[in-house]
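Chain IDs A, B, C, D, E and F follow the sequence of writing; residue 1 opens each chain.
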């Protein structure tokens, strides 16, 4: 108990935590799960949310962030997923690559688009290091 | 001289190298510069290429890579730049953020799209670390 | 204009944006600025918020996140700043090192504590690579 | 043999090396193992040290570093582990997260503290990228 | 089909793709495979190429890059592999560490050299963060 | 004062610290400076050491690490510097690129070797992301 927050769990805070299933979830957690499923028009929840659920304020906060940032806006939904993938691949996050790869495919990413995405990510990681290694001065045309 | 390759320069290989301007460039380098300007329909060359020019084989190779990867394909030109930006921001490459930010604006990126890009990059970098910290198991639905 | 959001600015979305000062800020932005100054018991706002202000929804969202995550909880305020510093140094973010370094000093970080922080960050970055290079198997005692 | 150093092993230098158990260890390696167990008041050694033991000078050197950096000082032992975790999560080192997560729990990290640690690590990784993407100028108040 | 490129595959673009074996490969892909085997004087192809083969232009392009960059030049073949390893360990790429570790051993890397490589990678990752944390000014002697 | 350690400085622990010059250094610090200059056969000290000097135990410890890791061994001095550069470029550490670039040139790195180093660093950063994006399975020949 701290600051009014209840953390469920096994005391093994640093090891892999079990996902909290709907049946065992508190009302607070279920409310977020319900919103996730309604928003996504689906009947299941992926592990990211079910593990965050051990700390309900973080579950709530992150769902609010995800809805706002990944929701409708000036960039189309597939482009948003491709940007997410670019970051996740650069950071080497396997879970995020799997989950956002699935999301991108659901939003229409074709194998050809995926191949181009991977090629661009690779190229950018390469030229980023060229620019750093050579200590390039930013052209005034870019300022 | 090595392997048939001439490297121009000052011997200060690790420090910032001066860009090689068109007027002082070899025929081999000028051929690439000409192709860059023709392809981009512009009359100037940015520092990335002018510094790579100290090692002509790398200049040629990287220009060929850039043309192939960033050229017409299954992803539209602006989306390609946004992916490039996502990688460059994640890696903290100031030169690349400046140059590809300019390219993205030239291809129509609006301030609103830029703001969403930055928000997604931030969110992905955040959730990538949540996924790693919590050692999330990949849902079978994503496999 | 997109999704009801107004982005102020110059059209130079990828280049350095000018901070938005209180005097020129919209009512929506001023409301966040007021809350920042009240919460921090100070009369100035640092550039992070003044530049985020070009996209008010992000300004509001990030201030809400920062207040919740960095506010009172199970970890004391100085420890929170040291964790923030550890991430920022590992990522090489100069702005964040400067701003959270200042915050840490305001919360009592001594030069000796700072020196130990830097030493731990360095050591962890070193042993992280040893672990990866040697493909260490996780001891069952840690599971 | 090189520079007076004997490297035990199978010749498979880049692949996963077997941990060297106490029974098979040289006197030089046993001396470090003994010190690790005495310092930690435990009767086992984790794989990091048992794999480093293939190169005794590195084993000795890293144990000396770890003792000095992670030993008693101006920061309390739990805070030191949290800083270590922040780096290891940011770098995505699974072994280090597991081992230092266990160490943190041994030193009293509660599930609530762990949840806050993860939240801060995520937030810092997010804002680090905002700062870079927006090319924030460091406020003079931070200098 | 896009831009004249055929992408083979299962439509599961983001999930692990099956390697394309020689027997099932197109003539275009076989031509690259043949060149890889001839250049390396071997009769097998590793998964990197067999998975890139789903997008033949990328397969061709990357093999051309690898041959040019890793081929004979001013640095000897083993040194080139050690540099590759240093990057791969720093980025935490397990596949690359395994494949280039094998390549380095084939080119004569001894266990002692491997141990020194790992030690240098660790030390550089450590001091890189010291330099950033302390915001070191570059000595004029280095300019 | 903590644990017998004196930290000199201004109380601005997170901001850029002034280098400590020989004339103002304590006997403990001077002893390390003397050893650095004797080992390197030079009469000046670079900023890394002069800033670490604010925390003498870290100065002593890091100098001992550097001497052991970068000193004579199974890898030649120039190769060691190239590995250091590969890490520093990948991490984007400008100070380290400048200082180890200078060291590499002092140890004979030619402009051609530098160009190849930069090309390999770029390529490895590129293929690292391909391997991660495609979730490559490690070939059994590499195990």
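One rule holds in what follows: contacts are C-beta pairs under 8 Å (C-beta built on N, C-alpha and C of every residue); 3 or more make two chains touch, one makes a residue touch a chain.
Everything numeric here is computed off the predicted structure, so don't read it as measured data.
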Each chain counted as touching chain B and chain F at once: A, C, D, E
Chain pair repeating E-F, as identified from C-D, A-F or B-F when over half of the contact pairs by residue number coincide: C-D
Most distant chain from chain D by Cα centroid: B
Pair joined by the larger number of C-beta contacts - B-D, D-F: B-D
Copy pair chain C, chain F: interface residue numbering same or different (half cut): different
Chain whose Cα centroid lies at the greatest distance from that of chain C: E
Chain A and chain D, separation of their C-alpha mean positions in angstrom: 27
Centroid spacing, where centroids are CA-atom means, of chain C and chain E in whole angstrom: 35
Centre distance in Å when chain A and chain C are each reduced to the mean of their C-alpha atoms: 19
Multi-chain contact sites of chain F, meaning residues that touch two or more partners: 2, 5, 15-16, 61, 65, 69, 73-74, 85, 90-94, 97-98, 100-102, 110, 112-113, 115, 117-119, 121, 123, 125-128, 130, 132, 134-135, 142-143
Sites on chain C touched by chain A in the complex: 2-3, 5, 15-16, 57, 61, 65, 68-69, 72-74, 142-143
Residues of chain D defined as touching chain B within the complex: 85, 89-90, 92, 94, 97-98, 117-118, 121-123, 125-130, 132-135
List of chain C residues in touch with chain F within their complex: 85, 92, 97-98, 100-102, 104-105, 109-115, 118-119
Interfacial residue positions of chain E with respect to chain A in the complex: 1-2, 5, 7, 9, 11-15, 54-55, 58, 61, 91-93
In the complex, chain A residues that touch chain B: 15-17, 19, 44, 46-48, 51-52, 62, 65-66, 69-70, 73-75, 79-80, 82-84, 86-88, 90-91, 93-96, 98-102, 110, 112-113, 115-117, 119-121, 123-128, 130-132, 134-139, 141-143
